[in-house]
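The following pair of complexes shares a single chain, subunit A, combined with subunit B in the former and subunit C in the latter.
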Partner chain A sequence: MTDTDLTKRLTDVFHRTFDDDRLTLSRTMVAADVEDWDSLTHINLIVEIEREFGIKFTTREIAGLTNVGELMDLISRKAGLIA
Partner chain B sequence: MGLVTFDFLALLALGAVLYRFVPRRARAAFLVAASYLFYATWNPGMLLALFASTAVVFAAGRWIEAWRERPAVSRLVAIAVGVLVAYLAVFKIAEAMRLGGGFVIPLGISYYTFKLISYLIDVYWATGPAETDFLCFAAYVAFFPQIVAGPIQRGSDFLPQMHRAPLATAPMILSGITRIVLGCFKKLAVADTLALLVNYGFNHATGTAGLPRLMAFYVFPLQLFADFSALTDIAIGAARLFGLESPENFDAPYSAASISEYWRRWHMTLTHWLRDYVFTPLRMRLRNWGNAGLAVSLTVNMVLIGLWHGLTLPFLVFGLIHSVYLVVDALTAQYRKKLYRKRRWLSLVTDWIGPVVTYHLVAIGDVFFRARSFADGFAIVARLYSGVTVEFGTVVSAIQAGAWIGLGGYALVEVLEYIRRRQPELRVAAAPRWIRWSAVSCALVVAVFFLAVLLARKSAVNPFVYAIF
Partner chain C sequence: MVTNLNYAELARAGKKPAGQDLPELRLALLSDAATQLFVPLLRELFRRHGIRLEVYEAPFAAVELEVFNPSSALYRFQPEMIVILNATQALRSTYFQQGDTGAALAAEVEERASGIWEAIRGNCSALVIQSSYVMPYERLFGNYDLKHADSLYDAVAEINRGLCRRAREHKNVLINDVEAVASWVGRRTWFDERFWDLAKSFCANEHLPAVAQNITRIALAARGRGIKCVILDLDNTLWGGVVGDDGVSGIQISAHGDGEAFHRFQFFLLALKRRGILLCVCSKNEHAAAIKPFEEHPEMVLHKEDITIFVANWENKAENIKRIREALDIGYDSIAFLDDNPFERNLVRSILPDVVVPELPEDPADYVKYLAELNLFETTAFSQEDSSRADLYRTEFERRASVAAFASFDEYLASLEMRICVARFEPSRLGRIAQLLQRSNQFNLTTHRYNQAECEKMMLDADCIPLYASLRDRFGDHGLISIIVARRVQAEGVLDITDWLMSCRVLTRGVEECLMNHMVAEAARLHLKAVCGHYIPTAKNAMVKEFFGRFGFEKFEETPQGCTHWRLSVADYRYPKHYIQAEMEEAALAAESGQ
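After this line comes the complex of A and B, so read on.
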């Protein structure tokens, strides 16, 4: 999976979860930058990502994330391990 | 020793001055000594428990960090957290059963055990390193401004500050003193006068006259905010005198347009704590249950918030009421968002009506928070607007005239809070000379006035609502 591939699929997941097609992802993006990204929708986002990429996160992995860049790294690490 | 007492403020000032002469490497030790002395004025018998739990968690943190990647470490974390929860629960149960007659829960236990639990989990999750300096860690756990009623600061926020141990700068001292004066004003001039109205309201809630019920219902949330945020103001201000910054606990809670927004603005350090260590792990575990998982996680979270205050039926009802609110809020969020997008004018209406509705919903919960029994709480909510005209004059004249001034005082609190949020750093030094001198003389007059009030009331100090949890 290439970086652009990951960004495209993750962007689709964000659009679906937050019901907003105008969102453009960047590595430095944080929850505060997205309207409606709170502790409730965060888990919906995680579930959507798990479905999209066929991976499973642990609470411990989620807790360490501080921005979208780290989320991308985590996804490519996990998806890469399986593929 | 309460936070709004002459003795505390005098010792705080003395401590803050002495601290400036303490060499950097001894500053954590100084704060530990001051905090343990402060704790001993409340409950010397529980000092050993405070020290022992600090020492055990300090050691556990080091082990967890060293063995983080081994599978067995998750069991060690589970056992350690379980022991801390049991430690807290034993005291809460003893308090609920009133063992030995006048059992009083040891001061601050709900706050420092939460600090200890979050520290252990942070080390396990690698979101914060294990502390290597025992004195810094002991200062974190027992830090006297925070042990009475929070804010619940995270180790990853406090410990790096304690390592640097800077002395307070002049603007920090000024803003610290201003926060303490604001806290004293909220407590003495507002919360304690509103308490007269609220106490009368709750004591006469089941009678024929309706005004007491209205007072209990509408004024108690104001008293609770003035009272509790006063404690936070004093805690934040006192910490600043020692060069330490603490997290905020309130962000204009009654401006919230929905219940979920209210909980993002009220007792924020507790709700953030529960979000990170209860809600998110539980929600992750139940993430494939769909909406049922969301409802269960929110309910567990809110019931815990209720029971954290005490294991009683009214606190349980408080938690359940808020879980119903939040589940409805969460499940309708998408639908409401779409509706508002289609009809723009509707969001303008809810912007104005939202806070009014939210205040009523919060007040319903607060009635059970304050009522001595479920029946009393129910009587107030069920018959809220009945009999308001009956004996109106009698009720008004039965309460000291001064108590009604509290309502005006509350309005002033909201104005002062607004100014504080807009200008967290007071820039007095940059202001024209006449403003500087008016500010200083006003502050002095206010400070002297409250010291006089404190001295006069030395024998009869009203306890803080939140200092008992």
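After this line comes the complex of A and C, so read on.
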């Protein structure tokens, strides 16, 4: 999986989850940047990402994320292990 | 339909504003779990039932604070219903933190719950919808857990029994059996402890809709919605086989072997009837043949008295259901229609969209399990009158009768995109053709039982026109549905139809009209002046006695045995309208190119 692949698929997940097609992801983006991104919609986001990439996060991983960049690295590490 | 609900779709749909013109339901959510994710789901599910949901979410884990304070935001909201949703995860931490015995915990939880219900009753008239607790997955003693009153596992089982026992004494309380929903899907996937730890989410996202669905059903039932009447097909729905063809002794309904699935299904229906659900029959059959198993078959579970309205005729089922509804004077949305035939299901769905028409599983062995999963028969009360309701209605119906015309049936037929393929007998089809010739009884004009060798002979005879027809529509392929054998008698200028049979499953949708048009056109193409037809009565084919008369044939002879002979002048034929596209040429071409 290339970085552009991942960005595209992750962007789709964000669009679906927050029902907003205008969202553009950046590595420094944080929850406060997105309307509706709170601890509960975060669950929706995580579940959608897990389904999209066929991976499963641990509680610690979910809790430890601080921005989109880290999320991308984590996905790429976990999905990479499976592929 | 629990299994069809997709969380993400439902959640998205629930964020859109519901129509302001819809009637409102004010519902409060109190929970020791997070309720936020439920709100869009509930909103969407109620919207689908024509209700605009106004929700009040109490602050997290503030059940007591809200209910014991008469001026709380909860009471200011003036809820019609209060949903109390308790999470096993919260109970688990109480159990471990307090270090109580399981029995003590159970007593405390019950006491607390009934205190809450009473406080609510003292402050408002809202209906309380109290959840049961989902059984925990851990079993400290293994199988011994249930023998040991102190285990969490046994405590939860005890709490659920206790809540139900106490709810019986509180008129304002209904039980939302979340444990039943969870055990259906299984505890293994039900809990997602990561999201409980991070955000106090009630269960795995994918199962949230099932909880919301359960709440919706209870609320709708409390509002008087729900199924009051089940309308049943007979052949291959209530028993195995076709009674008109196989006879009373030929149908499968015995308690063992191939009839057991139907036996079980009938017991389920009988239990529903005793619960106050009306059972009606709507079958494409001769009335006399259809009623016979109810009167004569020793192993039938359902009897004539169990059926409120019994309709067996050859008219379209939507029209029959319309008449049943009028007679019962109930809403379409309180009727469920059960039929194994997809054509009938789709017909009823498209003409009467409010009638609940579940898909039935292919295997009758799964009927009861499938219907149980749909949970169609939610109610909020049960009384003595309910169990005798069926009988009251039956007397009422016997006083009244009504006939209503159906304007949109033509539209429905047109929408089916039916296509018929008529072709001469061909070697690969002879087996199936001979089989239909042996089996078909009701729509069979002369009932000649040709075997495969005789069919082959006809196929090779140049003066014989042996045809089969197969039907397709947008819902699928019905396969071979009709056989017509005609003979060209050039000297007399006649096309003589010696055989005509059809599968009863495809009646009243224009197949007869389409095929008759085809036969008369064929006569004209061969420069024949007339078409002849014959009817030989049997014990089972009364329904086609006047078949040729319907198309303007004149009866020119009738024997003492009741055989009739008919004749039509090709020039006088008025081609009746139908909604089927014939594919004669294509099929012929296909047959040639295939050789």
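The criterion applied here is as follows: the second predicted complex is superposed on the first by the 83 of 83 C-alpha atoms of A that agree within 3 Å, B and C clash if a C-alpha of one lies under 4 Å from a C-alpha of the other, contacts with A are read in each partner's own complex, and residues count from 1 in each chain.
Here, a contact is a pair of C-beta atoms (placed from the backbone, for glycine too) under 8 Å apart; a residue touches a chain by one contact, two chains touch by 3 or more.
Quick caveat, the model's predicted, so the values are computed rather than measured.
S.K.: Which of the two partners, first being subunit B and second being subunit C, lies in contact with A:Leu40: first, second, both, or neither?
M.R.: both
S.K.: Quick one: is A:Glu48 in contact with subunit B, with subunit C, with both, or with neither? Answer first, second, both or neither.
M.R.: Only subunit C is touched by A:Glu48; subunit B is not.
S.K.: Quick check on the superposed pair: does A:Val68 touch subunit B, subunit C, both, or neither? Answer first, second, both or neither.
M.R.: Touch status of A:Val68: no partner.
S.K.: Under the stated touch criterion, which partner chain does A:Arg16 make contact with: subunit B (first), subunit C (second), both, or neither?
M.R.: After superposition on chain A, A:Arg16 lies in contact with subunit C alone.
S.K.: Once chain A of both complexes is superposed, is A:Leu25 in touch with subunit B (first), subunit C (second), both, or neither?
M.R.: Neither partner.
S.K.: Regarding the shared-chain residue A:Thr59, is it in contact with subunit B (first), subunit C (second), both, or neither?
M.R.: Once the two structures are laid over each other on A, A:Thr59 reaches both partners.
S.K.: Enumerate the residues of subunit A that count as touching subunit B in its complex and touching subunit C in the other.
M.R.: In the superposed arrangement, which is not itself an observed complex, subunit A uses residues 19, 39-40, 42-43, 46-47, 57-59, 62-63 for both subunit B and subunit C.
S.K.: Spell out the part of subunit A that touches subunit C in their complex, as residue ranges.
M.R.: So the residues of subunit A touching subunit C come out as 16-17, 19, 39-40, 42-44, 46-48, 57-59, 62-63.
S.K.: Hey, which residues of subunit A end up touching subunit B in the complex?
M.R.: 19, 36, 38-40, 42-43, 46-47, 57-60, 62-64
S.K.: Name, in rising order, each residue of subunit B that touches subunit A in their complex.
M.R.: Interface residues on the subunit B side: 124-127, 260, 264, 275-276, 279-281, 283-285, 287-288, 294, 330, 333-334, 337-338.
S.K.: Considering the complex alone, what residue numbers of subunit C touch subunit A?
M.R.: It is residues 7-8, 11-12, 15, 34, 36-37, 193-195, 197-199, 201, 205-206 of subunit C that touch subunit A.
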